[in-house]
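Below is the structure I would like to discuss, written out as structure tokens.
All chains are identified by letter, namely A, B, C, D, E and F, in their written order; residue positions are counted from 1 within each chain.
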Amino acid sequence: MNPNAKGRHVVVRTIERAPSEVAEKLGAVGTATVHEAIGRRGSLGVDLHPIQQDVKVGGTAVTVLSHPGDNMMIHAAVEVCQPGDVLVVATTAPSTHGMFGDLLATSLITRGVRGLVIDAAVRDTADLRAMGFPVWTRHVSVQGTVKATPGSVNVPVTLGGVAISPGDVICADDDGVVVVAREEAEWALDRSNERLAKEEATRARLEAGELGVDFYGLRDRLVDLGVDWIDD
Amino acid sequence: MNPNAKGRHVVVRTIERAPSEVAEKLGAVGTATVHEAIGRRGSLGVDLHPIQQDVKVGGTAVTVLSHPGDNMMIHAAVEVCQPGDVLVVATTAPSTHGMFGDLLATSLITRGVRGLVIDAAVRDTADLRAMGFPVWTRHVSVQGTVKATPGSVNVPVTLGGVAISPGDVICADDDGVVVVAREEAEWALDRSNERLAKEEATRARLEAGELGVDFYGLRDRLVDLGVDWIDD
Amino acid sequence: MNPNAKGRHVVVRTIERAPSEVAEKLGAVGTATVHEAIGRRGSLGVDLHPIQQDVKVGGTAVTVLSHPGDNMMIHAAVEVCQPGDVLVVATTAPSTHGMFGDLLATSLITRGVRGLVIDAAVRDTADLRAMGFPVWTRHVSVQGTVKATPGSVNVPVTLGGVAISPGDVICADDDGVVVVAREEAEWALDRSNERLAKEEATRARLEAGELGVDFYGLRDRLVDLGVDWIDD
Amino acid sequence: MNPNAKGRHVVVRTIERAPSEVAEKLGAVGTATVHEAIGRRGSLGVDLHPIQQDVKVGGTAVTVLSHPGDNMMIHAAVEVCQPGDVLVVATTAPSTHGMFGDLLATSLITRGVRGLVIDAAVRDTADLRAMGFPVWTRHVSVQGTVKATPGSVNVPVTLGGVAISPGDVICADDDGVVVVAREEAEWALDRSNERLAKEEATRARLEAGELGVDFYGLRDRLVDLGVDWIDD
Amino acid sequence: MNPNAKGRHVVVRTIERAPSEVAEKLGAVGTATVHEAIGRRGSLGVDLHPIQQDVKVGGTAVTVLSHPGDNMMIHAAVEVCQPGDVLVVATTAPSTHGMFGDLLATSLITRGVRGLVIDAAVRDTADLRAMGFPVWTRHVSVQGTVKATPGSVNVPVTLGGVAISPGDVICADDDGVVVVAREEAEWALDRSNERLAKEEATRARLEAGELGVDFYGLRDRLVDLGVDWIDD
Amino acid sequence: MNPNAKGRHVVVRTIERAPSEVAEKLGAVGTATVHEAIGRRGSLGVDLHPIQQDVKVGGTAVTVLSHPGDNMMIHAAVEVCQPGDVLVVATTAPSTHGMFGDLLATSLITRGVRGLVIDAAVRDTADLRAMGFPVWTRHVSVQGTVKATPGSVNVPVTLGGVAISPGDVICADDDGVVVVAREEAEWALDRSNERLAKEEATRARLEAGELGVDFYGLRDRLVDLGVDWIDD
């Protein structure tokens, strides 16, 4: 049963994590390929944007479930973070508050955390970019928060319609964020590497002028589906 | 009558295009000026964003009408594209799927296509920028697609509330996307060049300190409309 | 009473402004710190975005209240602007029109205006960036406007749910826009400087590995609120 | 070529209409069935809502293209309306203005118009319901309009991403609005009647306990697509 | 200066109110007419919806400024409410919390409060309708709130982009919410009554078949603006 | 591990359900009370609306995970439904398709299903109301679907940011939808009944004129938080 069943508030100190080096490699593969490799799952959707460009991250999730407009539980989460983690912040209701800024990033950097994914807002974005701390967020806002309402750390959360458990792999880059279940991490890396090889071969054929419509066998399928080629 | 009247699915292979060099020149003029020159029409609205900065494109539309979450018809469209075209992708219902990525871009680059305008999402954005293939899109998403449902190529479509016919001119830059009807292309270029000259003269007068409120004769109009100047 | 009470349209020529150098200093502090310093107020919210990166501005508000899709009153506002001002444009109903472009920016630059905050759209964004004229806007759009409907200049307006009076301080940077009431400007600067010093000290402690959960005394508060630390 | 090509503003007085009784019958069929019957086309999407419940309308489109926040062209359209028409109002940019109320409805009722579809807002909604004048609208708003900017009547427009020509059939009910091209009206009615008969037969079988998964032959298709039935 | 200047939290017990009977009469006039009568101002926009139909309210504003997700200040506001008031709740950042339900409504009904306008969410909507307590709200949500963060009562707030002061008149009906400044209440009622009489006369002429395009003198204006009447 | 781990598509035929009569009683309690009773959890948020008024439902979840724009898996789900179930439909990406209508409702009614919660759109809403089949949906749309892409039945899904497992309790009424974990169902009912009793007592005191600010002990808390009562 979930550690926060029956409305209990908890900070779970010890979690099982996907292997750090597998998480890092999945991050390097890139979100689009990983997402395809594992069966088109795990995308956190179109509303979580990077605040920087040309950065790829892979790490293991430490999760936070906060009251909106209150960042007390993010502070509580810092000490359970380890090198290789990515902090993942969900809220119990939609929030546009700037719940995270350069001071929290300073703390996380000292602990080796690789980045932040937050379903609310961040601030100090110019500083965060200058510090090289990567962030994916729904909003940017200066709006400050209080520290008054309890929540939980390292319980299952959902962001962008996807369930995330502590220790899952978070991959994030310019295209968004993809989560890979902890138990599927190695399998996902194998599948991703297969796909990378296949994409490389496809690219070579396309550069040589072959057409995807032939390549993927779509021409017959289109005919079967009743598509006509006409010269207007 | 539309080639896809009565629900027929078609790939129209041959279309009449606006002259390629006129399309290119309209692209170089810039969307804001072209839009004004043709009577404040043709803007695809505020929700189609470039994924790159400081790029201007002008080309002729090859259109795709797809089922959301299905990119089979984009593959079917590749072979009807010619150098100087811009691929324009509409969907039959709103979509946040990443229907286009670096492999399709590879194909389009080999055919001389100048860019993509898509009313859904793209992925591999870092690669697309690195490849120099310009894209205007509603969303960025890794979410993959299937290849299962028929649609049409080179039929009239609408994006952002504007009707686009195959062969129309697509102008796109940092401000968004403007479409110019094929039959109006030369007229639009003439009007745009006139406007550019006029804007240049206006800019010189404004830099010299003249005021638009005088320059455009607005002071009298404001008085007529009952506006009072007061010193509080 | 408001100068535009009972529906009167006015251009208020002379307004009381916060001291220009105080406004400039508040801009340099940064929006997040100013917002916190004055009691977490004044944020114009998450929907006004900068069109440029790494720019901080502080200035005094000249306000415009326009009919949507009509920029006549922006032209009327130019001549009441002074060096050190920031132009603030609100509309009487939501608007996605590109109400401002490079020609108006040319005029404002000649008058020493420091930037624009607009609750509608701008166009010519590549030019505005090249000219170094900073803009915070809800949308980017080529869609042009008419000059037909009266409005007011230098009356109280609201943007992003915040009331702004002429002469108030506008601070804007990558995180958004914060308004400081004219009467509170010096107080806000003092409070901001205090906060900057405090943040500096906090940063040093966090870099040394201290934890915010201890530092801010949150551990006891969490216990009081019923949070349990568990080892899963 | 469109009557409003090259930015011309026109009021087209005489248009060809789909037969009024065919339009009425298509309205009575209901939007969902008509939409399916013609190949899943013509839906104006999820953002146009009825202000009343349990009303079905079918009529022929008189179209208006207005500047947002300006209802002058709606007034100009009244005199070209005939019994059996539905007024269709599009704007050149998004609008939340209450461009239509009980006085315009009074005029349209005297001319036998069957309803309104508007891509902006209406007001006097309680009165409109009391008058029995059906409306589908994007917003409800008291925000008033000016009468200052030209537009066109009876030119092609797009609403909700669908192109509408004057004289096309508009079907509207609790599920939304569907447009049927004038040239396809009779064909659409035949197809709709066939579909109604088929739906009736299907309903009887489902009420008898047959399953759609068998009925539509989906069980084999699911197996082919790799779906497993498991007992957990 | 505002009672909550410099971030102070206050409950202002005594405020000056517009006359209760004037507020009631303005409510009975209806929002669209009042909005027009006072110069097309005061609309709180399209996002505040009634949870009931066919109810018109007019009353004097008691304002609340709350932290989102925290309804403590609404409880604090109850005792300063008087018969004839309408409670107006704004939040310091966007909120989707159900901050108000049947228990608070019970309290307000005992004090003679006429309704609620809230820029967040309410719950117990079926009960509220059954109790006859009218509500205009941005959202409906069961999501509960805490009672932890201070705010203010009877300070100026903004809702839907409009500034509201304690004691102002709130008019609300099926079309939305309109605010009339306390100092303008009598003037607004006079203007509204004039407008009602004028609308009545207009309605009679329109019912007799006269056209607005003639009635309002629009035909000449359209010609001046370059509109052509054509027979296609 | 999830039955659909590693991208497998499954129809899980047999699931463990919360007791049907407990689910029914939780539905009768109402969503707001249940949500509070279990610790302010389980709300599916503000974007799932009922298509009917004054209906309360409680049942056990049968879940569907569909490709957007494809309702094949809903058909596959029908045969695993039992009396007392509520069908819960999630999609792998946002969808505005009308994936459910009167024919599917006919099937579900014959199987004793109590209602539908769907994170997409429905159609035939007038018929569904007439049939007495309750629906909570994100959108209403006539837009039809294909039957081409595999998905799963009775796997964990998320709607509105909340994870739902097959067999969980779904409570739905005019305020929205709340999910209660299967293992917490009895506990939730006990807690809800306690809360109902407490609310009843509170209501009586409020009707007698007591104030919540005293009743809940908020007056001292407000003083502690620095709120001042002032007479303006």
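In this section, contacts are C-beta pairs under 8 Å (C-beta built on N, C-alpha and C of every residue); 3 or more make two chains touch, one makes a residue touch a chain.
Worth saying up front: this structure is predicted, and the values here are computed from it rather than measured.
Among the remaining chains, those touching chain D as well as chain F are B, E. For the touching copies chain A and chain B, the fraction of interface residue numbers used by both falls below half; the interface is of the different-residue type.
In this entry, D-F is the pair from B-D, A-F or D-F that repeats the interface of D-E, since more than half of their contact pairs coincide by residue number.
Centre to centre, using the average C-alpha position, chain C and chain D are separated by 42 Å. Counting partners per residue, chain E has 8, 40, 43, 45, 92-94, 96, 141, 143, 149 as the residues that reach two or more other chains. Contacting chain pairs in the structure are A-B, A-C, A-E, A-F, B-C, B-D, B-F, C-D, C-E, D-E, D-F, E-F.
Within the complex, the chain E residues that touch chain F are 3, 8-15, 72, 75-76, 78-79, 96, 98, 101-104, 106-107, 110, 121, 123-126, 139-144, 147, 149-152, 154.
Contact residues on chain B toward chain C in their complex (touch as defined above): 30-32, 35-36, 40, 43, 45-46, 53-54, 173-176, 178, 199, 202-203, 206-207, 209, 211-213, 216, 218, 221-222, 225-232. The residues of chain F lying in touch with chain B in their complex are 67-69, 92-97, 141, 143, 146, 148-149. Considering their complex, residues 1-2, 5-8, 38-41, 43, 45, 90, 92-94, 156, 158-159, 161-163, 181, 183-184, 187 of chain A touch chain F.
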